[in-house]
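There are two complexes below, and they share subunit A, which is joined by subunit B in the first and by subunit C in the second.
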Partner chain A sequence: MRRGLWLYIGGRLLQSLLVLWVVVTILFLLFRLAPGNPLTAYIDTTFGEEQQTALMARFGLDRPLHEQYLIYLGNLLRGDLGDSFRYGGTVVDQIMEVLPNTLYLTLTSLVAAYLVGVIGGIFMAARRGTRTEKVGIIFTLMTRAAPEFWIGMILLAVFAFKLRWFPSSGTAAAGTIYSSEIEKLLSPDFWQHMILPTFTLALYLHGLPLLLMRSNMLEVMDQDFITMGRLAGYSERRLMIRHAARNALLPVMTALTLGVGYSIGGNVVIENVFAWPGLGRLLVRAVTTSDYPLAQGAFFIIAVIIVILNFFADVVYGLLDPRVGSSDQAKAS
Partner chain B sequence: MMKWQRSYKPLLSVLVLAVVLLGLTSVAFAQSGAPVDPIVVLSNTQAEDPIEFETTRLLVENMRQLGLQVEHKAVPWAQYSDTVWFNRLETPEAEGGTGWQMTAWRMVARPERMDPDEFVFNLFHSSTAESGYNFVGYINPAYDALAEAQRGETNQDARREEIFQAQELIANDVPYIYVAHPSLPQLVRTDIWDPESIVDAQGIGIQNFWTWTGMTPLGDQKTIITNTGDDLISINPLYIAGDAPSRITELVWDRLMRIGADGLAQPWAAESVEWEDETNVIIKLRSGMMWHDGEPVTVDDVKFSFEVPNSGESPMYAPFTRRITNIEILDDSTLRFTLNEPWVAFEVASLAKVNLIPKHIWEPLITDLMTKEDNAEGLTIDQAPAIGSGPFKFVDWKEGETAILEANKEHFSPPKADGWVIKILPNQESALGQIQTGELNFLREWEGDSQVLQEVADADPNITLYASPDLGFRFFAFNLRFPPFDNVALRQAVAHVMPKDSIVKNIFKGFAVPADSYVSKAIDYWHDPNLPQYNFSIDEGRQVLTDAGFTWDAEGMLHYPAQ
Partner chain C sequence: MLPQTQNVESAAASAPIFERPTDSFLSQFARTNLEVFQRDRLALAGLIILTFFVLVAILAPVIAPYDPLQVIEEDGIWLSNEKPAPEYPLGTTNLGRDIFSQLVFGSRAALLVGFSAAIAVSVIGTVVGLLAGYYGGWVDTILMRLADIAFGIPFLPFIIVLAAFMEPNIWNVVIAMSLLLWRDTGRVIRSQVLVIKEQAFVSAARVSGASNLRIIFMYIAPSILPLSFLYGSLAIGWSILTEASVSFLGFGDPNVVSWGFMLQDAFNSQALSRGAFYWIIPPGVCIMLTVMAGFFIGRGYEEVLFPRLRRM
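Right after this comes the complex of A and B.
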C-alpha cells in the first residue's frame, strides 16, 4: 500500500486517541463540577457522620481531585471502569446487562425505518407532483415533528390499553424468566413486547431516509445517464429501480451508519414510555444520582464506539478514494 | 464680642437643628431595629414535586404579607438536598453563602417509625444537629432530657407523657411548620384479590408485610403484580437501598419480630421475646425454620446476623444494633441479648428491623471484606445470593424491568399468593393503564394527581382505592442557626400564615390530613391532642410580631425590634 496512506491512517489513529483522552477528561471534570454531592442518594435518618466519611473513603472521594484523576486514567488503561456508587457491582456488568436490549430495539427500528424509508422515497419520487406525494410528505413530516413520547403514549392508549393487542411495558410478561439471551430472542412473547416501541421508534426514524431518498432520486433522475437510458428505450420502472435508486442509495447508507453510532446511546424517551430496560435510562439515572463511575463508564463506551466507527469510516474513505493520503490530500479535503 | 456672636449665630442654629434632627432620628431607630434580612425559601422543582412546589408558592405569597422580603427558589433534587443537608452550617445564600434559611422538606413513613422514638430522638436531639437528622439545628437541653428519658422509660403511660411534653416544646419553639400527613392513594384489583385480605396498618397504609403475605386470590390469577417508578438499586439484606428494595428484603428475609398492623412489635421468627430486666432480653427461636437453600436456621445464624452490623461492614444497619453489647447462646434455641442502656424501641427498631441472614453464606464474604476497603453494602446479588428464610423466595431480577419472588410454601406462615412481582414502570400513565387492563393488580406507587386514581376506581367496580393517612409528613424547616429564623416570634408568625386547610383541600385534593406535630395523628396513642395551634390568619401573624416588638416601615417592610 501507499506510504501516504499509512501515514494518513496513523494520523487518524492518533487523532482518535487524542479525542478519546479529551472526552475522558471532560467526563471526569463534568461530574465533579456539577452541583450536588453523590452522597445525597444515601440520606437517611439512621445515617451519622462516621457513615458518611466511611462512604467517602470507600469511593475514594476523600482524595484530592488530581489524585482521583490519575487513579481514574490508570484504571481506564487497564480496562477497569470502576464500580457503580449506587449499585455496587462493576460498571461493565451494569452496562452489559442493558446494552443488548438497546441494540435489539434500535437496530430493528433502524432496519425497518430504512427499508420503509428507501422504498417510500423511491415511491414518492415516482409519484412526483401527485396528490399521493403531497399527503405522504405531510404524513412523514408530521411523524418527524411530533414528540416521540406523544406518539408512544397514543399508541399505548390505543393498542395496549383500548384494543389490548400488545403488552404495554418491558421485554416480557410479568414473571417470565429466560434461561438465556437466545431463549429470549426465540420467544414470541419478547417480540410481542418489541412491537410497540419498535414501531414508535421506526415511525420517528423513517422520515430522514425517506426524504433523503426522495430528493436524491429526483436529482439523479435529472442526470444525463438517465436521459440516455430513456432515449435507449428502457422502461421508467427499470430506470428508477435499477439505475437511479442504486446511485441515490449511497448517501442514505452513510446516514444509516451514523444512525447506528448515535443510537448506541439508547432512546431515553421511548425507553421511559415503554419501560424498556435500555442504556438510555441507565445513563439518565446515573447522571441524576451523581453515580460518577456509571455515568462516566456509559458515556465512555458510547464515545469509544462512535470514535471507532468514525475511524473506520475514515479508513474506508482512504481505501476508496485515491486522493486521500496522496500529496493532493489538502485539495481532496 | 458682639461681632463674633452675630457672625456665628446662623451657624449655631444650624448646628442645634442638626443635633435635634439627629436626636429625633435616633429616637425613631430606637423604636424599630434593622430591616429583617431577605429570605430565600427552597423547594423541589415543579416537575419533580408539584405538590411541594405549589405549597411553597402559596406560603411565600403569604409571608410577603407579613412584610418579609421572600424569594421562592426551586432547585433540582441533587443540589437541593446537598444544600440543605451538607451546607447546614454554612452562611445562607441570601447572605452570600452556600447555606439555607428555610426549606420545604418531608419525612416518609416506615414501619419502624410507628414507634415515635426515631422521630422524637433523631429529629431534634442536639447530638444529631451537626451532621445527623437535626438539620435545623434545634438545641434545647430540656428537649434532650425528654428525648433521652422516653428512650429508657419502660412504663408506657409515663413514656407517653414525656413524648407529649417533647411535642409541646417543639410546637412552641416552631423549628418546623407542618403542612400535612399525605395519604398515599393505592389501587387494588379486588376482582383478583379478596378485599377482606387487605390489611390497613396504622400510619403506613395497605402496603405492608401483612397485606403482601395475606392477600388471598379469588381466581386463577395468583401472582401479586405491583409497580415502582424507580429502578431497584440493590437487593441486599445489609443495605437499605430505598423504598422498593426494602419491600423485597422484608419478604425474602425473616426477622425475629414483625411490626403488627397496630404498630407494636410481635414475635415472628422468635417464638417468644421476654425481658429479664431493663437491659436483658431472652429470645427463643422458632423451631423448624429453613433457609431457602434447605439449610436449617440456627441460633448461630441469629447471633451472626446481629453481630455483622457492628463489624463495620454494614454501616446502615449499625444504628439498629449499636446498643447491643453482648449476645449469648444459652441453648440451641435460646439467646440472651444484653443492651448497654435501657431502650424501649429495641423491639421495633432492632428486633423487627435486622434481617436474619445465613451464616454459611455470609461469613466467608464478611471475612473477605474485613481485609478490604469495601463493605457489605456494595455486594451485588451475584456475589451474595439472596437466600433468606422469609415467606417469599427470590427468583430473578432484571435490571430496569422487574424483580420476581415466589411463595415459600414451606414457611411457617406461607403467603396466600403464589408469587410477588414488581414491575419497574417509569411511565406513570402506563402504570395507570396497566392496573385497568390487569397487567398490574396492585398499584403501590403513584406520584401523580390523586383524583385521577379516584376517577379510575369510580369507573371500574373491580378496582378499589385505598388511601389512609400516613405517618410521614410534609413541612417547612427553618435553619435556626442563622437570622432571621433564630427568632422564635418570627417563626410563630410564619406558622400563622400557613393555610393548611386550603392546601389540603386544593393542592392535596383532600388526600391528606393537616399536620400539627411530627408524631402523626395516625398513631393516635402517641399524638398529643392538646398542642398549641397556629390558626391561619395573617392578622394573628402580624399580632405575634407586634407583641414581640417588630415594626413595619413606610413601605410595609418588617423591621426587627429595637435593641
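Right after this comes the complex of A and C.
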C-alpha cells in the first residue's frame, strides 16, 4: 500500500479524535445550559440523599467547573455515562437496549434506498432528456422535500388504521417479549412492524444516491474511454452498465458511508412517528422528561457514530482515489 | 476534502465558469438572476410558488376567516373535529380551531424561518468560504476544522436539545440551525475561491495594488454570489423542513402556528385513526411545495453556474 496513504489515514484519524473531543466539550457546555442549577444535569430531585451524595462524588459535582470537565472526560473514556433519572439503571444499559433497533431500521432502509437509488440513477441517465427523466426527477425531489414524518403519518392513516395491513407502532405486538435479539430478528411480527418505518425512511433516503448516480453517470458517459467503447462498437447498454456504472458508483459509496451516520442522527423523527424504540426516540423522550444524563448519553453516542463514519468515509475516499497519498496529493485535497 | 454529498439537489461535479466582472456588480447580478428564471421553467415555477406563499403570508389576516388559535363555538359548545364545511373549508381541530386559518397563518412561520435561516446560512458560509479560500494557511485550517466540527455534531439532536434548553421560540431554532448549516456552503465556496483566486483578473488587481479585502469583496465575491444563492435557496428548504420536524416533536414555539405544529396537533389528536385527511394532508403539501420551490430555484442557479449539466 502507498506510504502516503497511511499518513493520510493517520492524519484523518487524529483529526477525527480532535473533532470528537471538541464535540464532547460542546456537549458538556450545552448540558450546563439545562434549566435549573447545573447539578440538574446529573441529579434529579427525586433521588434519595445517599444516592445524591454518591452521584456528586462520582461526577465531582461539588468541584469547580474545570475539574468537573476533567472528571466528565475521564468518565466518558471509561464508558460511564451516568444513571437515567426516569428509567433506572445506567444510561449505557438504556442505550444498548435500543441501539440495535435503530441499527436494524437504518441499515435496512439504507440498503433498500441505495439499491433503488443506484438502479434508478442509471435508468434516469439512460433516459436523459426524455419526459420520463423529467417526471422522475420531480418525483425524487418531492420525496426529498416532503417531511418524513408527514409521509409516515399518511402511511399510518392509510395502511395501519384504514386498511389494517400493518401495525401502527412499536417493534412487537403488545405483550411480546423477545428473549434475545436473534429471536426478535426471526420473528415475522418484528418484520411486519418494520415495513412502514423502513419504507418511509428508504423513500426519503433514495433521492440522494439517485441524483448523485445520475449526474455521475452523465459525467462518465462523456469521457473518452466511453467514446472509445462506442467507436469499438459496444452497445450503449453494455457501456452504461459494465463500464460507466462502475466508475459512477464510487462517489455514491462515499455518500453511503456518510449516510449511515447522518441517518442515525436524523432518524429521530421517524422513530417518533412509528413509536419505534430506538436511539432517536430515546433522545426525544429523555429531553422531554428532563432526563439529562440519558439525553446527553444518547447525543454522545449519535455523535460518536457520526464521527466514526465520517472517518470511514474519508478512508474509503482515500482508498478509492489514487491521487490521495501520491505525490500530487495537493490536488486531491 | 470530501466531495459534497449533502446537497445533491446540486450534484454537480464540473467546475463552474467564472467570468471577470466586466460591468457593474449590480447589473451583472441582475443579469444572472434574469437568466436563471428565463432559462429554467422549474426555477420559474419555484419563484411563482414562493411568491404565492409570500402573498398568502402578507394577506393572512384578510384571507383567513378566523384567528388560528380561536375556538369556534356554537351556542356555547365547541365545534371540535368538524368535517369540512363552507364555514370552515378544511374542518376544525379537536379544540375547535379552524384548520384553513391555521394553514394560512402557518405560511408566516415557514417563510420567516426559511428566509432568515437562508440569509444567515449563506452570509456565514460565504464569508467563511471567502476568507478560508483567499487567505489559506492558518485561517483556512481553523475555519475548515470548525466546519469539520459542525459536521460532527448530530444536526437534529443538537437543535432539539438547544430548543428545549432555551426558550422555545422560532428564533432559537433559526439560530441553532444557522450554527451548523453554514458548513456545506462554506466548504463549497472555499473550493471555488481557490479556483478563482488563481485567475488573471485577480492577479491583475493584486499587482495594481488593491487591498486584500477589496479583492475579496469587490473581485471574488461577485463571482461566487450565484453559488451563495444556490446554497441559500437550498437552505430555505432545509430550514423549513427542520422547523417542521422540531415543532412536530413538540419543541417548537407553542404560540406560533406553523405547519409542523399543525401536524403535531393532528398526530396527537388521533386524526390518523379517524382518517381526517383534510387535516393531515394540507400542511404537508404546503411544506413540500415551499421546500421544492427552494430546490427548483437552486437547480436553476446551478444550471447557469454549471452549463455542462444543461447540455446533458
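Just so it is clear, the second predicted complex is superposed on the first by the 255 of 333 C-alpha atoms of A that agree within 3 Å, B and C clash if a C-alpha of one lies under 4 Å from a C-alpha of the other, contacts with A are read in each partner's own complex, and residues count from 1 in each chain.
Everything that follows uses one rule, which is that contacts are C-beta pairs under 8 Å (C-beta built on N, C-alpha and C of every residue); 3 or more make two chains touch, one makes a residue touch a chain.
Just so it is clear, the structure is predicted and the values come from calculations on it, not from any experiment.
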Would you sort A:L29 into first (subunit B), second (subunit C), both or neither based on which partner it touches? neither
Subunit B versus subunit C as contact partner of A:N310, first or second or both or neither: second
If we overlay the two complexes on their shared chain A, which of subunit B and subunit C does A:A157 touch? Say first, second, both or neither. both
If you stack the two complexes on chain A, which partner ends up touching A:Q94: first (subunit B), second (subunit C), both, or neither? first
Contacts of A:L73 with subunit B and subunit C, given as first, second, both or neither: neither
With the two complexes superposed on chain A, say which partner A:T288 touches: subunit B (first), subunit C (second), both, or neither. both
After the superposition on A, what does A:L185 contact: first (subunit B), second (subunit C), both or neither? neither
Touched partner set for A:L65, first subunit B, second subunit C, both or neither: neither
Does subunit A have more residues touched by subunit B or by subunit C? C
Between subunit B and subunit C, whom does A:P167 touch in the aligned arrangement: first, second, both, or neither? first
Could you give the residue numbers on subunit A that contact subunit B in one complex and subunit C in the other? 34-35, 153, 156-157, 160-161, 168, 272-273, 288
Give the list of subunit A residues in touch with subunit B in this complex. 34-37, 39-40, 43-52, 54-55, 57-58, 83, 86-89, 93-94, 97-98, 153, 156-157, 160-161, 164, 167-172, 174-175, 177, 272-275, 277-278, 281-282, 285, 288-290
Tell me, which parts of subunit B touch subunit A in their complex? 76-79, 81-82, 85-86, 118, 122-123, 128, 130-133, 223, 225, 231, 233-234, 236, 239-241, 312, 315-316, 318-320, 373-375, 377-380, 382-383, 395-396, 398-402, 404, 419, 421, 423-427, 429-430, 433-434, 436-437, 439
Note which residues of subunit C are touching subunit A in the complex, please. 1-3, 5-6, 8-9, 11-14, 42, 145, 148-149, 151-158, 160-162, 164-166, 237, 241, 244-245, 248-251, 260, 263, 266-267, 271-273, 275, 277, 280-281, 283-284, 287-289, 291-292, 295-296, 309, 312
Please name which positions on subunit A make contact with subunit C in the complex. 15, 18-20, 22-23, 26, 30-31, 33-35, 128-129, 138, 141-142, 144-151, 153-154, 156-157, 160-162, 168, 207-208, 211-212, 214-216, 218-219, 222, 251, 254-255, 258-259, 262, 265-266, 268-269, 272-273, 280, 283-284, 287-288, 295, 298-299, 302-303, 306-307, 310, 313-314, 317, 333
